[in-house]
Amino acid sequence: MIKVGIVGVSGYSGFTALELLLRHPNVRVTYVSANNTRGKISDIWPQLKNRTKLYCDQFDVTKAAGQCDVALLAVPHTIAMQITPKLLKAGVKVIDLSGDYRLGSVATYKKWYKATHTDPRNLRKAVYGLPELYKEEIKKASLVANPGCYPTAALLGLAPLVGTHCELIESIIIDAKSGVTGAGRKASVAFSHGEVSENFKAYKVLNHQHVPEIERYLAKLCTHSKAINFVPHLLPVNRGILETIYVKLSSRVRLNRCHKLYTNFFKVEPFVRVFGLEEQVELKNVVKTNFCDISLALNDQKNLLVITVAIDNLVKGAAGQAIQNMNLMCGFSESEGLL
Amino acid sequence: MIKVGIVGVSGYSGFTALELLLRHPNVRVTYVSANNTRGKISDIWPQLKNRTKLYCDQFDVTKAAGQCDVALLAVPHTIAMQITPKLLKAGVKVIDLSGDYRLGSVATYKKWYKATHTDPRNLRKAVYGLPELYKEEIKKASLVANPGCYPTAALLGLAPLVGTHCELIESIIIDAKSGVTGAGRKASVAFSHGEVSENFKAYKVLNHQHVPEIERYLAKLCTHSKAINFVPHLLPVNRGILETIYVKLSSRVRLNRCHKLYTNFFKVEPFVRVFGLEEQVELKNVVKTNFCDISLALNDQKNLLVITVAIDNLVKGAAGQAIQNMNLMCGFSESEGLL
Amino acid sequence: MIKVGIVGVSGYSGFTALELLLRHPNVRVTYVSANNTRGKISDIWPQLKNRTKLYCDQFDVTKAAGQCDVALLAVPHTIAMQITPKLLKAGVKVIDLSGDYRLGSVATYKKWYKATHTDPRNLRKAVYGLPELYKEEIKKASLVANPGCYPTAALLGLAPLVGTHCELIESIIIDAKSGVTGAGRKASVAFSHGEVSENFKAYKVLNHQHVPEIERYLAKLCTHSKAINFVPHLLPVNRGILETIYVKLSSRVRLNRCHKLYTNFFKVEPFVRVFGLEEQVELKNVVKTNFCDISLALNDQKNLLVITVAIDNLVKGAAGQAIQNMNLMCGFSESEGLL
Amino acid sequence: MIKVGIVGVSGYSGFTALELLLRHPNVRVTYVSANNTRGKISDIWPQLKNRTKLYCDQFDVTKAAGQCDVALLAVPHTIAMQITPKLLKAGVKVIDLSGDYRLGSVATYKKWYKATHTDPRNLRKAVYGLPELYKEEIKKASLVANPGCYPTAALLGLAPLVGTHCELIESIIIDAKSGVTGAGRKASVAFSHGEVSENFKAYKVLNHQHVPEIERYLAKLCTHSKAINFVPHLLPVNRGILETIYVKLSSRVRLNRCHKLYTNFFKVEPFVRVFGLEEQVELKNVVKTNFCDISLALNDQKNLLVITVAIDNLVKGAAGQAIQNMNLMCGFSESEGLL
């Protein structure tokens, strides 16, 4: 039984982490905090009435360090890098759900997050928490950078192909669609029901801060650097990401071989499901689960592979994956508390 | 051709008024303003690109008075009562969509809107803009208090019965359900898609500021004062109000007679449709129209009449009704620009 | 570890039961069937890929009896009464989610379900599976009639009051709102997205088949027979029921006393949460849970108590409650597998 | 004043045509029919109560021919080609909203619609009703093949570029998203609210029947044949199509020049709005209008142009465009009744 803290429990990711951890057989949630909200968790999240007596207070590093073995940081970027060094120093393992420790480089961070990184030492040490690619590193890590929601889907959808067909790939286009909780829980006209429901639009076209994250981890799979084209869209749903990924290849591939490549790659993974060639992934199959579903199709006239990937942005794209990482870091079964 | 101004064009009611007036054959919209937004209407409301070259500026009473014959005030309460006296003095007819001129009494206003009324003179003179009840008064009015969305549905649903069966009515319960645009266009977690979609709840139970408005105009139909029980709910839709009204009667009535009473009452009204006894009103039939639909059912064991009423809160419940009033005030056909 | 079968696994209730039971520590699902669908569960419900290898076949009573200790019947009414006697005879405990065994009387069944009851013997013996009222009877039962979704909310919302204030109650009005899965999973224009989304309407006004079920179990709490007025509405959400219940009392009550009455009544119940007087229940707090949330408000001028009740129609209103009953029938902790 | 008939008025396109035509100043709707529904229009579509007394009967060619100058066919494919020759022979102008007359070739029709074309003579004569490309031909046509919803958006989004940069285009990928009314009004589990709401998926990946239609009309703009990659998705909204089109160019282009190309191309078109370079199109701006909105973005490192296009599938993608065609065929102003 380990003691876990959640920093930033008033947001959707923090809530999802708490909801999942309350069911986890090896975890006791001992500490929760939020910046602008304090009070009983059951008042902040009435969903959890009768399920917890936790009290949420403003973040206090001494308290957090004293009460937790592991801390999940569900806070905005720039906040995580202020907290992390202190927690690590106190011997607390940290899983950061923000973008602060994902990009490896102070310069790239500055370019995309418009802020100076104040913890470059840990930035270099952080392990990228995508268990399907970095399982062994995660097991030994004390600081895990939990992947972004879009990159989780993109990298799982591309890893088997990019790792083996690197030199054949001419271009990658990712047409991504996300539900509104991807933007967090905030007061904003743009995310009000009256603006989102019955609507759909692209945003940050070719210019989203998840682009360098995807490119960085694709580059590790492949000697040729792999630039991508990424266009995100806002779906009128609460949860879920579906990405339609178009990969142009320079020579002929066979769909059956690609499919076998994917099923083999993920054979032992508890949370990736490669669908049959006649099936298409759908959001509803992954919502409220930690699964990542993948379908494949091919235009063999044009050597264009179409990969569709679906995840729940709050689970596999955030809190669920954080718990999967925690399981690995703490020696539990990878899927404990997640099925 | 008259010149019309819209004050508060950046909100949903103001927008709806503008959208409708751009199609009105006898109207030229000559003035639009908003408090916190300025710029081309086609930038504020891209829906209206290619349809208007209007420019929205901060409200200026001299400009407004100089450029309009009629002004529609789609502003928050307390703002309308600051603007109205000046416009009236300048000879501009005013239709106020806020609650400022509906309650007739300074004391009731203070109790429900938590503000001191600063224009009691016009408060007494204002005509309540429910054309089905006050058509002749509206024709002669220079200041019309456009009804609230909930009261519009409640009063149309109750008027035929209350006006004729006053002494038989033992109690009135109004279970009301409204789409999110009823709350206006604002940055708020409570109205974000993530909180509203797939959700439903009651709010301001027995304590909504539309209660005194409904009771005031019921009282005018009936010697016995008619207190009501009113429970509003938030529907996960953008537009529309449906009210289920339960009227307990002290003696037996026949459903056919009630139905005839309603069809007769509204026979000449262009915008009220009394449905057949086998039919139920639905939001989708009134959304984006100025219609008010009404169905009747009876529990004849218990003398309980169930009246269901549907309107679009932004059209018959706000901007459409304002234009219906404008048509009457200006001598146009009542339904001009609204069908 | 008990062996459980689900008859009717291709519908929403059957699916929900399966999804919940796959997590239940004391249950192995050994048998699933459906009438018009056969194949691997992971093809019928791709949500469950990687989670089960069950195969769904047409119902076969011999197989079912041989493979199960308990059977959950998630089938249409009239089907359950054909299957039940055979399963009971073979020693299988039965929890019927249809309306077949709820009404106690062959005549009432005929009137509301338009069919002749073919199993009157078991109809008389069946225990009504509302654990908050009939816990001890359920523990000993071999046939449980699982309550309807609307009656579950109505009876939990009314039981504390009706059981203690019977003679003071003058009238009960239940304004009920349900998500679309309440109607089952079926091909129908009326339930298509294009008709339901952004829509809202009442249906079966004063004439729903759950009326006699509610009245029958209220009558058991109270010497005066309690007729109700029940108006259901269709909400544009997938899951959830919210009922706003208006109880007119003949004399003064105090809200605090009512609230205490409710909190005491449900003090030991794991799945009923009585909200504080300043809070209102919302669908989102109960969706995907087995909780029933209750709020109270009072118009003390008119002695009108307003009770709002929220459940998930597929969990507490169907499959979750069935598992709660199964837990009781099998000697497990009442909330096992449900939190 | 012309007399217009609508064949297939019980579907969404037929209804939308009727709703629009009831407001058209030069049109009297004199004939409506449907195959499986008969009765008063106000019973079939309660939205239209008080607006029309039309009666819908089964289709009768003699009646239709006697009562109409123009017929809009909003019927399934294969039905239109049975009706059209008879109407044309009787001197009625025909606008067919089905796919029957769009593909020009009996063989292509057979391949994609799995049916033998029975009216090859008119198939050759039909004019493709995309007014922005074929205005002059439409003015003289007696048979217009109204474009499919996806092709309308795709062709308007691509025409300016393909017509001028034909030889530079290396590949075209169309990632298309459509609301549910695109599939028509039908009883189907797959389109029920419970399956569509909060869901999202791709379907008919690389294999939709609109592919040959898009390719055929692109080919007319360009000497090099332009094969496309087309992946449609089902959006959880009722109305609207948004297509994100990726065009890979073999050499450098400048975004400003592309933008100017588009604004010039559509300068005189009343229904195409090219957005500024900082703006993105959204469904909500086109829903319930006949507008087609277009935004442009460029990855100038990779010479990838991203064109986003939005229309209402029932208006510009079906009934609205049909009326735009009717206006041209009958000598009315192109936008009459559509603004």
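Residue numbering begins at 1 within each chain, and the chains themselves are lettered A, B, C and D in the order written.
Assume a residue touches a chain if its C-beta (ideal position, glycine included) is under 8 Å from a C-beta of that chain, and two chains touch if they have at least 3 such contacts.
Keep in mind that what you see is a predicted model, and the values were worked out from it rather than measured.
When chain centres are defined as mean Cα coordinates, A lies farthest from subunit B. The pair with more inter-chain C-beta contacts, choosing from A-D and B-D, is A-D. Chain centres here are Cα means. That of subunit C falls 46 Å from that of subunit D.
Note on chain placement: the centre of subunit B and the centre of subunit D lie 37 Å apart, centres being C-alpha means.
Our note on geometry: subunit A versus subunit D, Cα centroid distance of 39 Å, whole angstroms.
Within subunit C, contacts with two or more other chains are made by residues 195, 197-198, 236-238, 282, 284. Residues of subunit A touching subunit C in their complex: 23, 46-47, 49-51, 197-198, 270, 273, 275, 279, 282, 284-286, 288-289, 291, 293, 339.
Only residues 12, 180-181, 185-189, 191-198, 236-238 of subunit C touch subunit D when the two sit together in their complex. If you check the complex, the residues on subunit B that touch subunit C are 171, 173, 175, 177, 195, 197-203, 205-206, 227, 229, 231, 233, 235-240, 242, 244, 246, 248, 280-284, 287, 295, 297-299, 301-302, 304, 306, 308.
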